[in-house]
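Quick heads-up: structures coming right below.
Shared between the two complexes below is chain A, which has chain B as its partner in the first and chain C in the second.
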Partner chain A sequence: MKALLNTLKWIILIFFLFVALYPLIWLLLASFKTNNLELQQNPFGFPEKWMFVNYYTAIVKAKLPALFIHSIIVAFSAVFVNLLVASMTSFVISREEFKGKNVLLTVLAAGILLPIISFMVPYFTIIQKMRLYDSLLALILVYSAINIPISVFLLTSFMDSIPRELEEAATIDGASFVQRFTKIIVPLSQTGLATAGTFCFIYSWNEFIMALLLTSSESSRTLQLGIRFFTSQFVTNYTAMYAAIVITIVPSIIVYFIFHNKIISGLTAGAVKG
Partner chain B sequence: MKKNKNIKMILLFLVPVAFLYISFFIYPLAFVLGTSLTEWNGISAMKFIGLGNYKKLLTDGTFLLSIKNNIIWALSGGFIQIPLATMVALILARKPRGWKTLRTIYFLPNIISAVAIAMMWKAIYNPMYGFLNAFLNLFGIEGHNWLGETATALPAVIAQTVLYIGYFMVIIFAATTTIPKSFYEAAEIDGCTTLQQEWYITLPMIRGILVTTITLAMAYGMRHFEATFLMTSGGPAHSTSVMGLVLYNKMDAFRLGEANATGTILILLGTVVIVLIRKLLSRGDAGSDSVQ
Partner chain C sequence: MRKITFLVLSLTLLAAGTLFANGQQDKEKEIVLKWPSIWVGEDSKAGAVAELVDQFNADNAGKIRVEVEAQPDYDGYEQKIRTSIAAGIVPDIFTMKLNPTTKAYYESPLLMDFSKELNGGWGKDFNAGTVAQATVDGMVKSLPYEVAITPVWYNMDLFKKAGVSKYPQTYAEFLDAAAKLKAAGFIPTSQMTGGSNAWTSMLWYSHFLASFGGPDVYANPFGTDAYVKAAEVLLAMYSDGNTSIDAIGGDAGVSGGHYLAGESAMFINGPWYIGRVKSEAPAVYSATEVGPAPAAGNNKGAMVGFLQTNFAAAANADDPEKAAAAVKFIKWMTKSENVAKISAASGAMFAVKYDSSSITDELMGKFINASNDASFTIPHLEGVVTSDVITEFGQALGKMALGEATPEEFVEMLKKVQDQ
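Presenting the complex of A and B:
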């Protein structure tokens, strides 16, 4: 019985390992294969010849470098705006007493549960009214706003754990309201900021619907839109299409392997509190 | 409450969040609810038509099918994905060899964009070039056009998300770490097997987090859009259509009133699902309290 359970345990663990990894490995190998025929005849093996030219095709034809730069600008700016706004909000919520604080917190938290896709029409009209349609700034604003509830949630619970004595001492030494924020809370919140920032980065880098809705030209297209356009333009060139998908996945994987401890501990902190 | 002397600075610090939150949460919510009662194409003036859009939607077979599909999405999230995630989390909580690496890898798909994952699975399901059919052929099983046939399209689109358990697995795993080790030691002395320990100690102790993750998984299922949009566009024969897709198509066709009525139903149904499932699942809590 024990041995059976033990075997079963490893079968389950390896099955999910396979589900998480094998599709990525298959995709990576397929992206280097010669052509569709090889995909069919050699579905599992290594490529007969490593066709780096697929990446060249993907990069040049889908204009990936420009899209890559757009995605980087959007994701980093969204993280910056989001963290700036969310940290100011969380500082006030965590450190000050004022009327309506609980209402504010409840209203912000409710944002986590709202299905953002139901806001397609109003987002479109608001962005048009702001004269930001088809601009990177539109995406930066929308992504930083959408991530406000989760960032405030993470940052307030983080800031609540910073000892108050530090600020009291600083206040006695004559630190102003703004200085308490910039000189004490922000430097001590680096871990919390990194976690919230990583969440916002991954969201902004991966987002698709709003990018589809709020942009129309190549000058503001992001990587996620790029692979979709690429796949509809070059429906027959599977290997190059796979190369394009690999290119969009790699940055997320790099960010993940740098920050995975923060991501997992951020989730954990949220879970234990929630 | 005495008046805070920093009130001016506090208000100043809240100006940015107020701008973003009002623009992108509060106003849109009011806008969606309000315009759902109008006939509007985005160009000419809105015309108030009361519940006309809702009447139209709720008598439309495709829309009803979308609601049904959304409910299937929500149920598969809550009652297939969460049990799988729980099972793996409980195994990892016993810290088998390599558990940290496994945890990191299980979470990996959750950071990759839904677009890339959907494209990847579209490739995997491809009847000519995908590995799924090639894999089945190894066992002499004939290939199948997974996304092209009404019988398999919906299960195929759902399966590729439900199998990615990492996000919920990490949350449930974290909850198990708060259970005192002594509980298990005592149970072991009393002769409880591992499975009995999980069933009688772990699961009741993490009940709260299970309810939360089931709620979240169902809420995500209700608002599902990307994979369907990219893998099947709702086809074949609307068999994979979901509410988000209906909303998008209505908007694309400049039927903005109907689009926002769809959005309103999505918000309401999502809220109902959340409230209902929490009520349903926490009913047992009262029972277990009375035992104590």
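Presenting the complex of A and C:
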């Protein structure tokens, strides 16, 4: 009976593994197929001929290397700005006592529920007024701002779980407000910071609509915009586009693999406070 | 180590701001016109349009320069234009699809009204009726440019293999032909409920509306007889194997893919698809003929045609020189010989009068004949209803095709959204 249950467990796990991985495997196979017709006629099989040239087309045509650099600048800078602002905000909300702090946290966290499309006109107007249109800085500021609600929510929960005695001991030893933040809370919040940072990175790396809205020239084009150059209103070069997508998802997967343990513990922090 | 990391990231941020904040630099003397354009990347018009822009810039060096801002994603582009106008910032030059949703742009004083320029003689360059179609309350705030007809494409090789000697002219002939095609292992029609507008099926529906309701079908209220009868025929297209099983939820790649693969015998799309069929499926290209949909109602030979893309520009009321420069550029783009160049390169059709003799493409010639032979032409449904109705169209069609809604309920769903 136990052996049967064990087998059943493995069958279910393998099934879900297959469901989770299949789209990625399909994408990888499709990126090596010959053309759109083969995609249509043989959508699930192996390529008749492995077309490595699709990757060459993707890299050369979409100018992926330059776009890669832009996306890296945007994603890492957005993570940095986001964590800087969100960690300070969370520190104050979590560790200080003041009137309306719960209201403040609720208002900030409510931002998670707002659809991005509702921000389009205000962000576009602000960026135009700041004369930052068509710059990477515009994307950095917007991506970091959009992710502040989720980061504050995560970091506040995480910081709530850090024993207050540690801060009190530091205060007795003469630590200032800033030192409590930089020397005690930030080092102990690394898991939470990694979680929030990973979310922000993945969002910034994959975001498309704001990038389309706020930039126009090649000098500020990100990877996700570059991928769309394989499409037009009526025609799409699917195989080269899939090759470009395969290339672009690699960093997201790497970031997740590096930080996935911290993400899980960061998400569960504060769940079982004593 | 942390301090170094902090320093590196700060410098990166600073560099991003300074190095790439290049969009706002104004140059004196030269007028710079920004044109967010969808005719880039894989678009069939991209090459010819780029050449014309380069030539215009060379001819006007030091005076006017047009900078194309590549916008590869069509839906995203429309979103961007909507957002820009909502924010009170209009691109110097842009293109738009004129429909009930975008007609609201005419209310904006930020858009240039071309009517004065057109009355000054420029209007004679356009085909009869096209400027009238783009006129709202006496204003022409979007200039008709690209037009299209969307006939039924049919693969005569498949018809012959199935024992059908000629393309069906009536619905009864269609059912007969469909039965023979299915018996021979072919899919009679390509359909799709997916994408943002269920494009191919929306066009089939528009053809049947024309057949049942005649040239004034859209003057009748939504929900009248023609809409229901057209829905009944559309449902028949989704029944009894008359389309592929992946049509429900399928997008343009699915419907077009079956036709390209020589699996489906009938398909609807515009002339922009010619290049793709020619390059990817030459046998299908050679076998393709085009014509109106089989007449399901009393009106035969109707065609679906529409203004596909219109030019628009910022009014620039405080900068008449810039406004004049924009007009100069759009006049350049609408010059007969320039339009002929784009048409020859892409297969697209235009609202401007031009010599089409340079178009050597055989299928393009069949398109022009189909346009000339049409008993009358109506716009497609998407051109006469708001975008939310068209979004609902695909959803409602999916329900009807799955047997969860009757044709009456399908029309009622569309009517409900329109009434809202």
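Criterion: the second predicted complex is superposed on the first by the 216 of 274 C-alpha atoms of A that agree within 3 Å, B and C clash if a C-alpha of one lies under 4 Å from a C-alpha of the other, contacts with A are read in each partner's own complex, and residues count from 1 in each chain.
Definition applied: a residue touches a chain if its C-beta (ideal position, glycine included) is under 8 Å from a C-beta of that chain, and two chains touch if they have at least 3 such contacts.
Quick caveat: nothing in here was measured; it's all calculated off a predicted structure.
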Which superposed partner A:13 touches (first chain B, second chain C, both, neither): first
- prompt: Is A:23 touching the first partner chain B, the second partner chain C, both, or neither of them?
  reply: first
Message: For A:73, using the defined touch cut-off, is the partner it touches chain B, chain C, both, or neither? Pick first, second, both or neither.
response: second
- request: Go through the superposed model and pick first if A:92 touches only chain B, second if only chain C, both, or neither.
  value: first
Message: Contact-wise, after the overlay, does A:252 reach chain B, chain C, both or neither (first, second, both, neither)?
response: first
Query: Of the partners chain B and chain C, which touch A:121 in the superposed model: first, second, both, neither?
result: both
Message: Quick check on the superposed pair: does A:216 touch chain B, chain C, both, or neither? Answer first, second, both or neither.
response: second
- prompt: Comparing chain C with chain B, which touches more residues belonging to chain A?
  reply: B
Message: In the overlaid three-chain picture, which partner chain does A:131 touch, first (chain B) or second (chain C), both, or neither?
response: second
Task: With the two complexes superposed on chain A, say which partner A:228 touches: chain B (first), chain C (second), both, or neither.
output: both
Query: Where on chain A do the contacts from chain B and from chain C line up?
result: 36, 39-40, 120-121, 124-125, 208-209, 228, 231, 238
Task: Using the touch definition up top, name the residues of chain B that touch chain A in the complex.
output: 1, 4, 6-7, 9-10, 13-14, 16-17, 20-21, 23-29, 31-32, 35, 42, 84, 87-88, 91-92, 96, 102-109, 111-116, 119-121, 123-124, 126, 128-131, 134-135, 163-167, 170-171, 174-175, 178, 193-195, 209, 212, 219, 222-223, 225-226, 230, 244, 247-248, 251, 256, 259-260, 262-264, 266-267, 270-271, 274
- prompt: Which residues, counting only chain A, touch chain B once they are in their complex?
  reply: 1, 5, 9-10, 12-13, 16-17, 19-21, 23-24, 26-27, 30, 36, 39-40, 43-44, 84-86, 88-89, 91-92, 96-99, 104, 107-108, 111, 113-126, 141-142, 144-146, 148, 152, 177-178, 181, 202, 205-209, 224, 227-228, 231, 238, 241-242, 245, 248-249, 252-253, 255-256, 260, 263-264, 267-268, 270-272, 274
- prompt: What part of chain C is in contact with chain A in the complex they form?
  reply: 9, 12-13, 15-17, 19-24, 34, 36, 38, 40-44, 46, 69-74, 76-77, 79-80, 83-84, 86-89, 252-254, 257-258, 260-261, 269-270, 272-273, 275-276, 280-281
Query: In their shared complex, at which residues does chain A touch chain C?
result: 35-37, 39-41, 73-74, 76-77, 80-81, 120-121, 124-125, 128, 131-137, 140, 208-209, 212-213, 215-220, 225, 228-238
